[in-house]
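Sharing a structure here in structure tokens format.
Order as written gives the chain letters A, B, C, D and E; numbering starts at 1 within each chain.
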Amino acid sequence: MRSIIPVLTVVAAIMALWYAAAVPMNAPWAYDVAKRADIELTFTDLVAATWSQDKPKLPAPHQVGVELWETTVQKNITSKRSLVYHAWITLSATLLGFGMGTVLGIMLAVGIVYNRVMDMSVMPWVIASQTIPILALAPMIIVVLNAVGISGLLPKAVISMYLSFFPVVVGMVKGLRSPEVMQLDQMHTWNASASQTFWKLRLPASMPYLFTSLKVAMAASLVGAIVGELPTGAISGLGARLLAGSYYGQTIQIWSALVMAAALAAVMVALIGLIQRIVLKRMGMAT
Amino acid sequence: ADDVTLQLKWVTQAQFAGYYVALDKGFYEEEDLNVTIKPGGPDIAPVQVLLGGGADVMVDWLPSALAAREKGAPIVNIAQPFNKSGLMLTCLKEHNINAPEDFPGHTLGTWFFGNEIPLLSWMGKLGYETDGSEGGVTIQKINFNVDPLLQKQVECATTMTYNEYWQVIDAGLTPDDLVVFKYEDEGISTLEDGLYTTEENLADPEMTDKLVRFVRASMKGWKYAEENPDEAAEIVLENDQTGAQTEKHQKRMMGEIAKLTAGGDGTLDEAAFDRSAEITMEGGMITKAPEGAWTHDITDKALN
Amino acid sequence: MTDLKDGGLKDAGNPAVTGGAVISAKDLDLTFQTNDGPVHALKGVSLDIEKGDFVSFIGPSGCGKTTFLRCMADLEQPTGGSITVNGVSAAEARAARAYGYVFQAAGLYPWRTIGGNISLPLEIMGYSKTEQRARVARVLELVELAGFENKFPWQLSGGMQQRASIARALGFDADILLMDEPFGALDEIVRDHLNEQLLKLWARTEKTIAFVTHSIPEAVYLSTKIVVMSPRPGRITDVIDSPLPKDRPLDIRETPEFLEVAHRVREGLRAGHGDD
Amino acid sequence: MTAAVQTKRPAWMGWALVALAFAMAAALDLRLVPVLAIWVGGWVVNALIAQRSAARWGGYIIPVIFGVTLLLMWEVGERLFEISDVLLPAPSEIAARFWLSRDILWVDFVQTVIKGALSGFVMGCGAAFLLAVVIDRFPFLQLGLLPVGNFVAALPIVGMAPILVMWFGFDWQSKAAVVVVMVFFPMLVNTVQGLQSSDAMQRDLMRTYAAGYWQTLLKLRLPAAMPFIFNGLKIASTLALIGAIVAEFFGSPIKGMGFRISTSVGQLALDLVWAEIVVAATVGSAFYGGIALLERVVTFWHPSQRGRT
Amino acid sequence: MTDLKDGGLKDAGNPAVTGGAVISAKDLDLTFQTNDGPVHALKGVSLDIEKGDFVSFIGPSGCGKTTFLRCMADLEQPTGGSITVNGVSAAEARAARAYGYVFQAAGLYPWRTIGGNISLPLEIMGYSKTEQRARVARVLELVELAGFENKFPWQLSGGMQQRASIARALGFDADILLMDEPFGALDEIVRDHLNEQLLKLWARTEKTIAFVTHSIPEAVYLSTKIVVMSPRPGRITDVIDSPLPKDRPLDIRETPEFLEVAHRVREGLRAGHGDD
């Protein structure tokens, strides 16, 4: 709560900067238009012109705001022109991919922690997999899945999964290894089985790491869903909006889709944060 | 009903009105077909979808189809609804480019994905280097929109008569501010939106039969669209799932598209094919004249 | 506490006890391989601990006390010699849950309450819920932490955490207790109190206890046998049998016998230090 | 020590599982059998090595064998299932293309990695580091900037890239800008957290010496922040390369890895696409590995570096 | 050590010393606001420490010993009352680098060697490189860690780390030493040795020392004045002036005077415990 004033200050500062930047960035076009119409621009004319272009290089905040308002509040949410509808499409792929990525990530992490061969062989390849540009792979993934008759939500979710399992693996390997030697020795003195050690020690000890990586994974998953929406053709979802906006030079539409995506990510991450706080509190680990 | 899946080369827009009209007006149904239309996008190569089994027919441009064929993809043109090219190069007048002689020293933006071929052939014909060296031009890869032209990052940009050109106009420029070079006029046009399928499909009589019916219904759709452009545009808008298209733009696009399909019945014009293949070869996209890359079988059966 | 002894696992490690020592180490060697050469943590260590013995280990830092205890607990594999616990190998004794171990640091799980921490080994060993509750209550009483059952470890002072960790090791019926400096973090008064309690528990239950400490008075006050160790390589330099009676009020510490034993231990220790 | 906690399952259970897998594969498609056999073979070799050697070289050889196993499966599978080269080329074809196109790959490498990724990485991480130090000094900024920063960091790169290309032009500058945007916040957040990670007692100690701000920063907070800073650098290293490549999808001069990948897909030159992917993965892993190595040198004192090899 | 006293900063905090006590607390209050209500860590604490005094603080866990020391060091702001150090406010004294502080835990910086840790305050206070080297060598000698200069903290046992942290506080010329349970992790022999060394240092340099401990014998052996504290709220319950001579061999601990003082301290402590 105490951060409200600083946040508002920073937001205000960013808005001011944004408005200011819009002027020089959109000015060349404004001058062009003026020249063609053969009029001289005063400074106020210029500012007014740069903040109200149809296809600005940098739209003014209020333009994005108006577009957001018109495409969310003023549209029926089942309409194809509603940003909420597209956000929902993207969100469903995001959540599915996030779920799959989390499960895959945890399974890999358990394998790596419990199996020496996996520990030594898998990790470098997991890292390498993340250095492959996903935008190059995404179409192939879509096509291959298409070929075996899978289309719609799942291919996008697979790409989400591809991006989101990585932070989970890294975090969970660290987390599952976070119990101290002494704590493991204690389990040993009680002759606890491997599964008892996992459920009663390694897993609870890894919780803080899990939640931190889940937050990163959620953001990555959203990016994955959007990337997955590009090569499936501009069908629907925020990615399609970005794409369509880009083909028709609709900067404002791009920006509003962007802001929507960021807001979506922020909400989901905040949700994970909330769950984290509840779980860690019940575990007595809240800070 | 028999299932047929069509893979488009681009997003849902009036460029593909014929197919959407056939779907919407029940022409496919009349042929006992159950057609699915898959929109395309920038990163999807329809050939891959076709070969991967994700589609039975695709819309593609001839140069990229020939290139794919040479790469080992056994695809064949079965019909050619577009008999004119809509490709052109649009320059801002302020850069003083009024004729091909003025190109040297300027930056020309084009889409890649095979769309650069006609431009490269053209430059080759004009005798200009394309690497930005003295006396040549600079070729710049641009995204699929006209921003680089408007932002003056390039001086000329590839546009389609039916789409990007009008985006330039919508941005506030007038035709007087522009100089356009139509590929059709420069004698370097290649065949655009045609229908392609695999050799494997053609070897299968059942499949051929489906394709015959598909082409017949599609051409019916095209003719309907030509005659009722506004209604066709409405149908396209209804099928656009992004909700990003505008009515004004699609109606105008349909008007332009009709000019490209006018006068054709879907049968491939061999002369046009040979010319396109030659230009593609000059551009270096293929190395030898293609063989068996087209067939009249389907159109012959469909139209009689 | 006596009734606890009737619980489940008491007999598990007992078969061979009648025959000899509860813990018997013969010529034990343990060498750690480190990057700057081997460290001889234990060398030629032999010791027999009889049933009901209270044995203290004392010696300078790094002399191998913890290592020796860990060998008994099968937490460390000796590189030479042999060790048996309850007549079987240390590993088998561990599998039979023959001992409770109190580590040098408290090591409570931060995500479990004090009660949850104490019931953890009970859960693992499969005690029933009601049995768990009963035992937790009893041992909390013993270490004077009743009422703190639902607090989390970090809500307690260092000394209280240490006591909770002792309670955890007492919760189940092991005949052997291995304790590594359990009272290090406590002030003198609390320490005296716990010393008394431990002696009482030991007298009542006839457990066998191995106890590491840095405090000479504590070692003398508690033990029937004091083992003095010396470092580099870690070895036993002296084993002192205490002449003190089994029943020991706190003020026994001012008797001449006590001071005499303490003096002997101090001399032994000093000798070990001189070795360096 | 801890390894002993894991109970050993009898060996026959493992073999029974393998046999079952083979039976199932054979039932599905006979061609799956050799593919599976390669997998099992590679696994067994690795298991043997892992058991034999706690030694260092195991750490290098095992991932290599694992990778070779995957490649072999790919090659054999590709041939057996007769997958079209237009969909997925075989590793041998990719290798051949790699060799033939060395000069193209090199030009692309310079354009994308050196000019785009590296410069963006340095600028982005450098700026984030400096801002983190400033933020750390003024808690007001920290309260305000970090939540907003998290929001900005969530802006999907595929949306940002075209905008940045529009702003900064087609050449490497816009690629660097994309990289800067991508690496900035992971680095910022990690550094800020790192600068706060010295514990209360360590800071109190500095107070007892009446140490000044800069002395405390230099001698306490920066060293203590290093593990976090390296975490940020590691994340940034993979992001940098992806960012530069992705940005090229949205406009570029006619060279660069992203350019090549996108145009080659259009031309169905999938072998060249994969050759570029190989370059990207190799460079990315090497970059990551280099930073991990540096981390080991700089933060040798941290428990995570002391404990495990 | 005496020659160290001629170094740079000796006079910094001295102006008012002649007038009165080196450390003077009057009616000190310190209340921590926590989520379940205020904790009165110190309440109405008044104490004068004269130049050259060796004052021990003893009391049950949580009675405010550490808090009191932190107030002297200007690491904690009292919520009431006043405290002066060297006649000026605690903050000014800190700025003048008037004291050395040994924390309850060693708190060495893991990225510096032992030598580097000890020279850290010297670097900050601007000693020359050669001077730094000389001082590091001297204090390492003093705590018997010569030869470990280039080891990193985690390569040392707990006791050695503790000694390094003591050495760090002795490296520069503060007239006041504030030590919070510095010998907690050490075994009896080493502890005795360091007790002796500390007494010698104190006698030689006439430092003023405030020393927290849990051990009654240690408090009695070292101090000229023993302050017994009691918790909830933290306050001083007894101040005992030691009748022992300034020159104290180790075996003074067996004299009746010594035992008499120890007894008095124990009684005071017990009374504090009874309060709960």
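Here is the rule we go by: a contact is a pair of C-beta atoms (placed from the backbone, for glycine too) under 8 Å apart; a residue touches a chain by one contact, two chains touch by 3 or more.
Keep in mind that what you see is a predicted model, and the values were worked out from it rather than measured.
Trainee: Which chains contact both chain B and chain E?
Mentor: Per touch definition, common to chain B and chain E: D.
Trainee: Among all chains, which one's averaged Cα position is nearest the averaged Cα position of every protein chain shown?
Mentor: D
Trainee: On a C-alpha centroid basis, what's the spacing between chain A and chain C, in Å?
Mentor: Computed from C-alpha means, the inter-chain centre distance equals 53 Å.
Trainee: Can you check how far apart chain C and chain D are, centre to centre, with Cα atoms defining each centre and the answer in Å?
Mentor: Averaging C-alpha atoms per chain gives centres 48 Å apart.
Trainee: In angstrom, rounded to a whole number, how far apart do the mean CA points of chain A and chain B lie?
Mentor: 35
Trainee: Would you please write down the residue numbers of chain A that are in contact with two or more other chains?
Mentor: 57, 135, 139-140, 143-144, 147, 185, 187-188, 192, 230, 246
Trainee: Do you know which chain D residues sit against two or more other chains?
Mentor: Residues 1, 87, 162, 166, 249, 262, 265 of chain D each touch two or more of the other chains.
Trainee: Spell out, as numbers or ranges, the residues of chain E touching 2 or more other chains.
Mentor: Counting only residues that touch two or more other chains, chain E contributes none.
Trainee: Give the list of chain D residues in touch with chain B in this complex.
Mentor: Answer in residue numbers: 84-87, 162, 165-166, 169-170, 249-254, 259, 262-263, 265-269.
Trainee: Could you list, by residue number, the parts of chain B that touch chain D in their complex?
Mentor: 43, 45, 47-48, 51-52, 64, 67-68, 71-73, 112-114, 139-143, 147-148, 151, 153, 285
Trainee: Note which residues of chain C are touching chain A in the complex, please.
Mentor: Spelled out, the residues of chain C in touch with chain A are 70, 73-75, 94-97, 99-101, 103, 105, 107, 109-113, 120-121, 123-125, 152-154.
Trainee: Could you please specify the touching residues of chain D with respect to chain A in the complex?
Mentor: Checking each residue of chain D against chain A gives 1-7, 43, 46-47, 50-51, 58-59, 62-63, 65-67, 70, 87-88, 140-145, 147-148, 150-160, 162-163, 166-167, 238, 241-242, 245-246, 249, 257-258, 261-262, 265, 273, 276-277, 280-285, 287-288, 304, 308.
Trainee: For chain A, which residues are in contact with chain C within the complex?
Mentor: Contacts found on chain A: 180, 182-183, 185-192, 196, 200-201, 204-205, 207, 283-285.
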